[in-house]
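What follows is chain A paired twice: with chain B in the first complex and chain C in the second.
Up next is the complex of A and B:
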């Protein structure tokens, strides 16, 4: 333990927690609405199927990158895809990470604006969030991973709050199970795909895991399965409360859901939820931002990531101010989310295939 | 102590007298800073070094052996030595030897050896240069000079006045041993040795402070401690450049890597039992002569919530108090800020009846909640500081005045609302609950920024402020160990001895701070 993880390393458990807190983020708020727009009362089945599919992608990701334990993101992409493509993918990834960070920061400040501080201008909330994110990341990946780890315990009350409405829910709303048909259920996996976005950050973080002999495959997949169960249960509970028709009118079902119950001391449970959610999203933003900075560091080979952490902060701040209103934020969020199809779905498979075409042969040569 | 081994054998008494010996093959050793063979010269030299030091005593003794009369000179510092021991065990035996004067002794025996035999002091060593003699006199040893010998005997007669071992005034516990450290480092090491009777317990003494020449002892269990961390700490100690060390706090400030962090990176304690418990976990203890406070390092954040009593009491009680302390920590840091945020921004979060009551009492207070909170918090801080500095009897008066000022008059004068007074009082109690006093400084210091953030940004401000605190704790390290371990990075110790304490039977594996080779306790 003495001076372990000193050189910007994380532990296997921390990589598990990074995936966990990365995926539970902004997407959870509107998940039930967007999915049930497609697959009605069977939205939870869509979420579940999608979760299984993403767990499969995770297996592909970990399988591929575990063949290159010493390589960082830029190195193995340029090895597998040829050098120019590798650079292109890396630069695209850092741009994507910064965009996602900016959008999530804006989501967060919109939420803060709506629920906590209706009179404070957005740009001030954004500014404070960006400062926090920079402070979080300036000491490097090790401190960030510890931060995620310390706050992972907040996910427990967060998860419990999802289920407080159960006494009010009527499960008749979930019936007929499978009644919306197979095609809508499968189509419903597409919108739910975006709420899982973030797991692809393991592509960047894996090379920094110090104890790779631990079963990282198991950790990563079980992290995704946990999220899947959590999301499925949350969506099912919300549909059970609202009914498949009504839920489509609610912007953030996960929050409004909580107004259904009254606690003896706390009058407004949803503000409590927002507080926990803010912590979770701060971690999400931090990890995403750090991923972008790490890839940039790989490209420009600087000694510290903190240089890019400072350098990109005004960029992220300005980007997060770009949308004019909440509707535009949602719109931009969707657009940026589409990019996830490439990084979360296509890239892992391309790398996997290229590994079989190219990597394996060379790998044997290296060993012999 | 390096000088030619020759001396230990049989140095010939050269009756040459008043000159600094030299011009032979031992030239470089017998420099002018070494003892001469003339007792008068030596005395003169010492008297010039100790000019105007009237507490240095020169006592002449004579030893009669057969027909010889040998001049001896005892030199010691008046109040640092045990005068009784010098009388009984040094001067008296020499006198008796002279009186007895029988033929039992061997004629050939060197006088130095004879004296070593007859003087009944528990530790004797030999020295031949002035530098060491001066140092040893100032430590409370007695130096015995002998005519015709250029070697002095150092008799360990360290004594002097020190406090007797008493119950710790700072760290009270109800169940468990009562003894606590005192200002004498040797007594303190003895207290530790009494509890751990193992040759693996090492106490390495260093002298730090160019003028004060303070003994600083690094204590550790050789079989358990992490060698790399130990080496690092000893190196750091050797690099300290300072003229005087009067408390272990000096060492703390020289060793810590983040001096501007509000959180302490090592723990101070007065309790030998706490020190011993930590030694068995592979921690390193630093004792400083003249300070009853031992330093424990490296530590983790959660250790600040632990009291030895947690382990002496049964599991359930120990855990109960520990959770109570954690709650105290959260309340002490954030209760006023939560109150300010609720009143100024989020009153809709409170139940309706409570809001109506609160607004009724708040209506007469002219200040915004944040001013009210800061005023009352500052008053509490004044009270605390005043009662800590004043002598005991006046301290009580301050407490009463404070209670009336805060509790009654402020409400009567509508300067504060009753709820605010309750909040401040609970906060103060919460910060007193911690067993480690320096931690409460940390709480008090981070409380004010959190109040300000709460007053500006409400609950969001509290979230952000806490994020900063947690990020800071995550990046903080105590001598190479993560401050938040075993929570972040997470390991199995977390359920054993962090926030909760497991059964003692589960303590078989040592915490990760210790040497990885010696992982089990029994």
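Up next is the complex of A and C:
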């Protein structure tokens, strides 16, 4: 039987912060470029539509898992999909979580290498990041959630940085609105979908929410809507500055955007941004890594997650060193991001449908 | 055992405090303020790069110095220049980059790639074209400033505020180069009466990354008005057998486009706010009718000046440095052709309509 909260617990508000911190991460750096490659000046519309769609997926996720408040990830997937499939999905999720953590660590170290510490070898930067992530996670989910909560305040100045480049921006670059056509706008939602990746971690974290009587559905959807507004505004501002053609020449428009104007007091706005971004991404990595460890704990029924936190650290470290250059990092990022189609899109709908086919009857029977 | 582990971890953490042992202090850097790019005199296939920098060290005989090198590209030049100095060269704080007219006419994108690729290279570094060799400009002693690069940087700013030249940075040159519907422009620096006097009042016009012409005098101010970059500055006209000067106090532009029978019409309204700063014809100006009459006369004069600049752009150069193409692209995407926009621009019918509003007359009637 599932032992409730043996691994710690989080509050409903912390689950809101976890979703918020989880989704704002590495994806924001090149988001405007990859989406505008498809939907040109209407990239911000693609991001907005995608955000609304993901909010809908979140409703499906919370609706389904809230029917199984006592079950962990392995238990409810086993119940809804059958035991072998439940184990298979759980193992696949933990592999996915480790891969995502490794890729995001590498994105982070690439940024640190490019902007902050160009003389520090990548393997040293990665090592320090992995140590930090292990330290964040070793005491369990409660400590991690508190860390995310403490750093959530950094998201405010992070979001305000959108306004830095506006004096140089020209909104004519966003016109004609809708001019790229409906099909490109819809196609543009695909690359933007990967930038939101991470919200599906709630599938793993939900059982650990202590105050489930709070409106978690409202919190989760609000978190995603906030991210949607932030991403849409960021992409619109970047396209207003660069235009859809120039932005294709900029690898990380979110950072370069800040170099458009001389800012009073802060000499290097982009480095200021990178500092906030570094902490935000550290939380992203921590949450994703912890999700993988929790699922492994579910599978192997260990007392604490710390065993897996230590065990997986060399694996994540070595995986993060695997890409040989920036192009490979972007390439691996794309490949791992595509796995999100299963965990972030297909799995929630499959579980939802299975709940109606199988779970609903049983659940009501249990309660009656 | 736990204590030993804790001490061990502490020792490892303390070791990170030594992380700055090989850091480079500011005094050890050679911080470049200005970069000049010319065609090499000896070898026309090569470029001649000049950097200007403050010497920092108090005992140095001069407060600033310049180094030059011949190289096929900026990347190679950086390498050559590093071999000539004993300090590490930092290009992260360059204030101004001067291209000689000859280099600008050959195309400058080949030099800009290295700047765009370098993460710490400032997006706000200012660009300008020099009428002569950039090296001469960077080695001259400016009359009222220690560093020529600072002098040029501030002069560009002043002339921008005087509605004479645009401020073109690395970032917005890149934008105007890549974006459809607009061609780049940047300040063009000429000499004054002699080579010790600089005149930052002209505008170099580019097609792609190649300079094709420059505007001076009324044309460069008309160019700024057309671009909607209306700030300040004194604008003088010969009117009524005398001189009338207005002090610009900002303004704006409004561009509308229309397709009539397959022909592109561009309606450009320019609103100019000003105060009267000189009026040598002896007329009483303190009446609504006099002001209205003067405004109408000024509008006609300005319209002529704008028309003249537009004629050069449309008919002689066939080059849209104003950016009308962006509006046409936004309003008539089916008509706009990014590849041949300059041809479409040359055929467009532009209705330019300035409106002058005199807000104050000074302290005499």
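Simple rule for what comes next: the second predicted complex is superposed on the first by the 361 of 368 C-alpha atoms of A that agree within 3 Å, B and C clash if a C-alpha of one lies under 4 Å from a C-alpha of the other, contacts with A are read in each partner's own complex, and residues count from 1 in each chain.
Just so it is clear, a residue touches a chain if its C-beta (ideal position, glycine included) is under 8 Å from a C-beta of that chain, and two chains touch if they have at least 3 such contacts.
Treat the numbers as computed from the prediction; the structure is a model and nothing was measured.
**Student:** A:176 contacts which: chain B (first), chain C (second), both, neither?
**Tutor:** A:176: touches chain C, not chain B.
**Student:** Check the residue A:46 against both partner chains and state whether it touches chain B (first), chain C (second), both, or neither.
**Tutor:** Neither partner.
**Student:** As a test of reading the superposition: which chain, chain B or chain C, is in touch with more residues of chain A?
**Tutor:** B
**Student:** Where does A:21 make contact in the superposed view: on chain B (first), on chain C (second), on both, or on neither?
**Tutor:** neither
**Student:** Once chain A of both complexes is superposed, is A:275 in touch with chain B (first), chain C (second), both, or neither?
**Tutor:** first
**Student:** For A:149, is the partner it touches chain B (first), chain C (second), both, or none of the two (neither)?
**Tutor:** first
**Student:** Based on the superposed arrangement, let me know which partner A:243 touches: chain B (first), chain C (second), both, or neither?
**Tutor:** Touch status of A:243: second partner only.
**Student:** Taking the superposition on A as described, I'd like to know which of chain B and chain C A:64 touches: first, second, both or neither.
**Tutor:** Neither partner.
**Student:** So in the superposed three-chain picture, is A:256 touching just chain B, just chain C, both, or none of them (first/second/both/neither)?
**Tutor:** After superposition on chain A, A:256 lies in contact with chain C alone.
**Student:** Once the two structures are superposed, pull the chain A residues common to the chain B and chain C interfaces.
**Tutor:** 268
**Student:** Contact residues on chain B for chain A in the complex?
**Tutor:** Result: residues 226, 228-229, 345-346, 348-352, 457-460, 463-464, 467-468, 470-471, 473-475, 480-482, 484-485, 487-491, 512-513 of chain B touch chain A.
**Student:** Which residues of chain A touch chain C in the complex?
**Tutor:** 114-115, 119, 168, 170, 172-173, 175-176, 179, 241-243, 245-246, 248-249, 256, 259-262, 268, 270
**Student:** Under the stated contact criterion, what part of chain C meets chain A in this complex?
**Tutor:** Result: residues 22, 116, 119-120, 122-124, 171-172, 174-175, 177-180, 326-327, 329-331, 333 of chain C touch chain A.
**Student:** Show me the residue ranges of chain A that touch chain B in the complex, using the header's touch definition.
**Tutor:** Residues 1-3, 5-6, 11, 13-14, 17, 112, 116-117, 120, 125, 128-129, 132, 135-136, 139, 143-147, 149-151, 153, 264-268, 271-272, 275, 278-279, 282 of chain A touch chain B in their complex.
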